[in-house]
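After this come two complexes, each holding subunit A, first together with subunit B and then together with subunit C.
Showing the complex of A and B:
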């Protein structure tokens, strides 16, 4: 029935006059340049907002490499809502998107923020919303608006409102060091210290709820694994076995941790069930170091680094144990795996001529693409949308954070450069 | 020798019987176990006597019960009797042996006599055979001679018969030959006459055929001439027709050519302008929003005179809204699209489709 209806529909379509003419012009190629977008500074009705929301958005979009916001000097007018927009004028500027909005104070502490994104050529609104937030929430709201603009124009999920965890090291005047575990906005700004210690802190890893961090702390004189809740700051040691307790990695459901323990004498991968404390051993290779486990999105398998083949390479193993299968074959050194949320792209540290780069491997084809050029790169961590990879690099013997797109075309430097930072971890999308 | 053994056996037997009697005599209560042999007649005769003795013995035994006092006397009598019987048996044995010896000697004498007679008979027989042989050989010689004479006679007769037969055959063959010659001569004559007849007939036929052929050829010539005339007329007609048609089609051709020239001219203009449109739209197409490969969208575009976009609509979506929008935006951004001055070419570029695909 439906088929017959469709057939007659097509027959009818064929008889339409424009179809009869059938002049077809084929367009191939096209550029993949950053999309031009006009971001008009949000109106603020005669008061100075504590946060320049449009500036945060402009910075977010610009930093992503996917957009090229028009310089403010090119803007021909300053509309704040649709009635004030003459689309013809904006078309002359060749900008495809137009973002307008305004902030108004409800009382001294609460602000109302609204924004609208338009398709300049069609003269249509693509997305528009209104919020009420406290002053302290304005910056976070700006990141959320960035996410919505990003999604409306690229079709992908924005990750501007996610956070980064990393370890910062400072030298004290007495020669000792101060280690802090910090959490910042996705642009590296607004860092907050969640833990500090005179002993090293390593390997922070976010649970999928974005509310818990697991990490390694040497505060008790040896490597122990802790879990800390972000809101309450409550923390407790979950693995303090004899020997090494390191490299925690949350399972996708947030109920288990994959760990590297040497309680049996040699570093092996284990899985710890947090609620029951049940520990199960995954690898059994007493001749080699197995470490840096990460869960595949299917929750059934783990990727980890092992030198069982003589040199560090990445292997895959069932979370229940069993035989490990080698995954990386390109080059003599591949370590520190992370996996994209779709499970198709592996990020890793790739050794080449004594230097270490961030590289990705397509797990279907096995093709490897080296993304960075600095040569002293480590700890890759995927953005939750899989477009960018956060990593630590070294500049002037200082560790700093950087990000690179999975196609290697967009490079970013994050945060201020006076800190010595390392071991970054990109948070999941906050729910 | 065999006789000796036989004689020995008999004597043994006799002794055994005597012993048996002795035992019976000693123990009269027991039953006799031996049964007298039945095979030898001579012994049977002896046993008959023995039986009598036995009977007497038994009788004596019976008496013994009654007259115990006579026992000893009677025993002696029995002994005497036994001895007597034994003597008698020995005597008889001797007689038997003598008799056998005599028979043997007699037999030998008989054998010698018989041998002598047989030798004599053999001699006589040989003599008779020699005489017979001589006689048979003479007879055979006679018979051979007789056969030879007979065979010669037969051969002679056969030769005579053969000669006679040959003569007869020769006469018969001669007669047949004469007959055949005659027949052949007659047949030859017949054939000669028939040949003459045939020749005459053939000549007649040939003449007839020649006449018919001549007539046919004449007819053909006549028809050919008629055909030729007709063809000539037709060709002439055709030529005239062709000339007329040529004039018609030339006019038509001219019109067509003019039309085609015009179409080509318009198409050429359209081609150039399409190329310009392509390049301008492509320059304005930013598909960075949608990076997934394999996407393709078809748009329907209507232009206003001058090339401004009147309407853009998605006919076949790529399934990706961002990609579809990037194509639409490219068309809008490229406006006004290049338009030809020629009105005919411009008319063809008011309404068309775009297919957007990355590769």
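Showing the complex of A and C:
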């Protein structure tokens, strides 16, 4: 009895701290051109809502580096709807946007939330909506409101209601390691473990529906590729051939996976059609490493890493095979390509004097811009709106995640205390 | 010179012993903890998957036998158990981003090739590793290329292709913690593990 109790105690001790721990996001550099915005704390009549919606929105907008929310002490009054707003007064604050809203309790479980975003100068509503959600949906709703505010004021798609997948590694007290594949909200909140293993997990990649993840797991003693459904947790092994099975990348339609397989004796790029299991080989270069394929948004071409020229560089090839064309020329080491959703900007790991940075290359002009500074950066993953790049870095011998805007001006750190985090993948926008 | 080599061999043996003890514990604890892979669904409902971890535990297996044998029985026993034999050296190292066999490892590899040639029923598992720098996926491929380069060398000297299992862990299983050249050098390696020993 005591023994059993002890065993479950240990299980709890191991599970609880990291189930609950969220990534903490810190903005380490911002844009001078950040737009001021007035966010009035949402009203709630005589009760305290389980989630502070306006605080979540304020964090989202501030974290994006595009907005600079006014401090609460600067707000001249606390309106919650249009009839309570005197636009003439608000114009003095020189903030174009004014967000107000309120939360009311429908019953113990359901809440009604409404928000309105105004153009202070014109005195007009830009967007306004009312929702009914359960308590558990309040945080997600807050991110959706952030997306609408962001889009109304910048004209670009917001990505606050997307998610992040990443791998977290903890040392067990017996010297073994515990690898977990986790999915969190875009602000690092609500991390959930979707897979845990004593063997390495690598290269998570989201299908465009945001409902499936492909990844590499060593659970059978070697690299194999799995696909897992997020809702059910159901998973399938999709590639367990002799040799390496790695670097999965979903096609834009979610029906195919590009993979690296070495079953023919050397790592080559293949395309696997998931429904039929049909496998077609894309690269044929028995001397070189070909790996890390990613689909161009046109679905017809792949970018991949190859050392066929002597050192790793990024190449482009038709998904049907054929001759590959070299894409990167600057520097001796370019690897881990990712492509923006408009197909114009390549993100990559760029080696420079033995250090590794995140860089972007404009595919039209070929111009390269190095975005990061730590020299130990890897695994770039574009936000679905193409504005930010999430990547893995290292600080004090500790793996952590960070994000940088494509112009290199906005930097964010997604800190963690007692474990290594790595292999980030930014989800697509939920339909 | 010969003495030096011998000392180096012994040192490697001691070093291997250290690794092995750790590795051994790792695997046995893994077994005790039960199911190795756990999938969790949206409601954080934990459910076990009957995944096996069988081949994972092969790593370091060969060297483990070596430790026990080193004390007691190499007289007249299997030459694989003789700590003075070049066969006791089960790790070879590489330069950065290279899979070329280094000259100082040729003696070791010749001995392994000869042993494999004389014992065609014996199989060996070559496990390739890299240092932590650069892309993880590229490193996975590089680790495999290193293991294949060792296989090629051994085959040219009489081993047959059926005697090999080749695996890569890329940068996922560093042997030495640390972020400097001293650590990186130790991590760019291929381990030669005789299967079933």
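In this text, the second predicted complex is superposed on the first by the 394 of 431 C-alpha atoms of A that agree within 3 Å, B and C clash if a C-alpha of one lies under 4 Å from a C-alpha of the other, contacts with A are read in each partner's own complex, and residues count from 1 in each chain.
One rule holds for everything that comes next: a residue touches a chain if its C-beta (ideal position, glycine included) is under 8 Å from a C-beta of that chain, and two chains touch if they have at least 3 such contacts.
What you see is a predicted model, and the numbers here were worked out from it, not measured in a lab.
In the superposed model, A:66 makes contact with subunit B only, not with subunit C.
More residues of subunit A lie in contact with C than with the other chain of the pair subunit B and subunit C.
Once the two complexes are laid over each other on the shared chain, residue contacts for A:154 go to subunit B alone; subunit C is not touched. Of the two partner chains, subunit B is the only one touched by A:94; subunit C is not.
Contacts of A:35 after superposition: subunit B is touched, whereas subunit C is not reached.
Touch criterion not met for A:341: it reaches neither subunit B nor subunit C. Contact with neither subunit B nor subunit C is seen for A:104 once the two complexes are overlaid on the shared chain.
In the superposition on the C-alpha atoms of chain A, no part of subunit A is touched by subunit B in one complex and by subunit C in the other. Interface residues of subunit C, counted against subunit A in their complex, comprise 22, 25-26, 29-30, 33, 36-42, 44-45, 47, 49, 51-58, 97, 133-138, 140-142, 144-145, 148, 166-169, 172-173, 179.
Against subunit A, the residues of subunit B that register as touching in their complex are 270, 274, 277-278, 281-282, 285-291, 300, 320-322, 325-330, 332-333, 348-349, 351-359.
Touching subunit B in their complex are the following residues of subunit A: 17-18, 21-36, 66, 91, 94, 96, 119, 121-122, 153-155.
Residues of subunit A touching subunit C in their complex: 19, 174-176, 192-200, 202-203, 217-223, 228, 230-233, 235, 243-244, 246-247, 260, 262, 265, 267, 289, 291-292, 305, 307, 311-312, 333, 335-336, 349, 351, 354, 356, 376, 378-379, 394, 397, 423.
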